[in-house]
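Each structure below appears as structure tokens.
Below are two complexes that have chain A in common, paired first with chain B and then with chain C.
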Partner chain A sequence: MKVFIYPTNSLILSDLVERFGHEPLAIMQEIGKKVRTPGLDSPPINITPEDPKFGLKYAAVEVPSGVRGRMSLFDSLIADAEAAIVVRDPVISFGCMGCARTNELVNFLVRAKKIPMLEVDYPESEEEAKEFVYKISGFLKSLGSRAGEEEA
Partner chain B sequence: MNSTGNLVRIAQLSCGAEYSGIQAEIDSAVKQVNAVMVYPEVDIEDIENIEEEFGLKVASADLKLMMARAKSIVTGKVKVDAVFVATCFRCAEAAIVRSEVRRYLNEKTGIPVISYSFTERTTAGTLLTRMEALTTTARRKSLLAREEQTGLTAGIDSGSTTTKSVVMKDNRIIGKGWVPTIKVLESAEEAFNNALEEAGVKREDIQAIGTTGYGRFLVGEHFNADLIQEEITVNSKGAVYLAGKQKGSATVLDIGGMDNKAISVQDGIPGMFTMGGICAGASGRFLEMTAKRLGVKIDELGKLALKGNYQNVQMNSYCIVFGIQSLVNSLAAGSTPEDVAAAACHSVAEQLFEQQLQEIDVKEPVLMVGGTSLIEGLPKAVSELLKVKVIVPDNAQYIGAVGSALLASGFILK
Partner chain C sequence: MDTITKMLVINSTTVLPSDVVIKLYESDADVSIKETCFGVMVTGERRIVNEVLNKIRRMDPYGIFIKERGLTPGEQFRCRATRRGGARPGFHNLEMEDKLLPHIGSALRALDKGEIPEKKKKTKKLDVDKLKEIIIQETEV
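Let's look at the complex of A and B:
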């Protein structure tokens, strides 16, 4: 299954999703596409003034351009998501897109899709960390069996 | 152009610029003024701890990064000559951080700072004058320290509406010229010739020339000017010089034909400033149209406004089209021309207040300059809004030309 992760650039979440045989929907792949697009020269990530206009699909022009530009990157991730893992209040080093307003909107849109979703608090201790990984792996396994049931 | 000067290192403290697609525009503007953008390095711990240290809690991580980067400049971890603080337009959280970061840098360092709120439509052209002013302040501190005009110099201010010129000798204005801008070079020639004629000197006797305003590059090249400088720096210098307020703090307000400037000045050097150029309703053009509709000359509008009360006129819009329509409707409903003139001045002043003065510290003395400052109702309206006395120096309409002539005298010995 295609699993949306939040924070969307969390390498740990992305790795966990892959380990359980699913496809992580992470922002790195979208930025990678931008950076590798030939013919564009708008460093550092090749976002041009046209991109915030694609973000109008999610937020009106009164919403800051930085939010809409980020939303243009999230577009296909939100559209493709079949399941989602959202970590609440993560520390910056766990993953971060910089803008709190974008994060709020992305989380809302993913919740509104009514797809299988796990929301879990960022762990504060080793014990909580174990529980954190246990919950995520349990969720990912359940997705696997669900996908298997559908195929059967 | 001052881009021939030494390389200036500008720190970029921003949130959302790369995602708005305007980073290339910022880089282009910076390159044109022979500067390089640097991004102060910070550790992850610096970002995690900055809210506690800075005293401002915010939700967005990029804003925490901005504050951490500001701290690394203040503590000397990174050496820069100037700082560009920019965030998305219409982001309230970012506006608070932008303002406080600018204030923090202003109080803790002597480094010049400019701040800007951008959209995806921000271009290098929009940023160029700001970057030019920023790098000039960083690059030419000794030139800006000049407080007296020496020798025989001239200044030409090629503005969007009018072209002004002065000839100065030994710290005195001896000739002036003021003509409408029609063809940039021809108008500059005419204004300059008028100033020369009044001064009774020949062009070849002029020891140095400075140019400013929208046409500064073209006019500067034509006259082989010694100094070609944007209006922020020149107007700051000209304003405090003419008002005799060269030491200490001051605020310079200039409502121009095409844009407005609000500059916070310290010892004659611009610190924080804002430039607006989005709405004609906030410009001198609005007052020109009002004068035309009232059937009076622009220099009569101010006196008319002094006799009126803006509260007797209901203005439904700041817009140059719909605002004028409100004024016309008021006239049809029986309002007096005096009240309408006062309402027009109040409307322009209110926009200056709402759009620009929110971003700078308004420190007294408040100096109003430029041609619009002679429309007496306008300084009065600004004074009422800001609750401070507004000073209009003598020759306020020649501010750019005087500032240019003053700064150009620094080139005589070269």
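Let's look at the complex of A and C:
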């Protein structure tokens, strides 16, 4: 199953999703596509004429271009997501690097999609990490069994 | 051909990035390898990279963490050598998560042993009204 992760560049979430047999949907894949596509001058800074259209699906033209640009990258991730694991208030989402409005919009869209979703907090101690990993493994295993039931 | 780059972040007491690199050379797979301070980056065809890294993970399943990377190592758009220094995109989150990796490693070990963690009560954040009350009380004194 394709599992959307937030923060979208998280090493821990990406690793855990892959470890438990699912496919993580992470921003690195989209950046990789931009980098490998021939014809872009300095990817991923440049965008193609198609990209603003993907951004406009989610945000109006008067919305800051940064939000639309980011949404053009998130578009296929959100569209393909069959489940989601979201970390609440990650440190990385604070400040200009985070783009709070995009993060809010992404979280809203994932919730609005009504897909199976797990919300967790980043652990700060070993005990919290055990609970974090236990919850994620349980969630991912339940997705596996659900997919199996559907196939059966 | 679908070429990808994956990065291995190593947080192990037994495995060093150089050990992983030697294992990768031994595998004779058609991949490019770059050893870094935090681990190794591997570039190649998706199927080959995934196959090789699944074997590498077995060297220390609780100490090797893997994720895909958008840019290949030394990519001019992002390489610090050509951009005159500065953190590359994604570094700050990687740095933050790197500190958690020992905890995640031991949590994975506990999970494999079948340990069920106790549910801890979360301490709630301070309510704004409560904070206002405290401020008023403190200013009155």
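In the analysis below, the second predicted complex is superposed on the first by the 138 of 152 C-alpha atoms of A that agree within 3 Å, B and C clash if a C-alpha of one lies under 4 Å from a C-alpha of the other, contacts with A are read in each partner's own complex, and residues count from 1 in each chain.
The rule we apply is simple: a residue touches a chain if its C-beta (ideal position, glycine included) is under 8 Å from a C-beta of that chain, and two chains touch if they have at least 3 such contacts.
On a predicted model such as this, the values are computed, not experimentally measured, just so you know.
Chain A has more of its residues touched by C than by the other of chain B and chain C. Judged by the touch definition given at the top, the superposed model places A:Ile78 against neither chain B nor chain C.
In the superposed pair of complexes, A:Glu50 makes contact with chain B only, with no contact to chain C.
In the superposition on chain A, contact is made by A:Ile92 with both chain B and chain C. Once the two complexes are overlaid on the shared chain, A:Val106 sits clear of chain B and of chain C alike. Contacts of A:Met28 after superposition on the shared chain: chain C is touched, whereas chain B is not. In the superposition on chain A, A:Gly66 makes contact with chain B only, while chain C stays out of contact range.
When the two structures are aligned on the shared chain, A:Leu143 is found in touch with neither chain B nor chain C. When the two complexes are laid over each other on chain A, chain A has residues 42-45, 91-92, 97 in contact with both chain B and chain C. On the side of chain A, the complex with chain B involves touching residues 41-45, 47-53, 62-70, 73, 91-93, 96-101.
Chain B makes touch with chain A in their complex at residues 15-25, 27, 44, 47-48, 58-62, 64-65, 87-91, 93-94, 118-121. Touching chain A in their complex are the following residues of chain C: 3-5, 9, 65-72, 75, 77, 90, 92-94, 96-98, 100-101, 103-104, 106-108, 110-111, 115-120, 122. Looking at the complex, you find that chain A touches chain C at residues 7, 9-12, 14-16, 18-19, 24, 26-32, 34-36, 42-45, 90-92, 97, 121-123, 125-134, 137.
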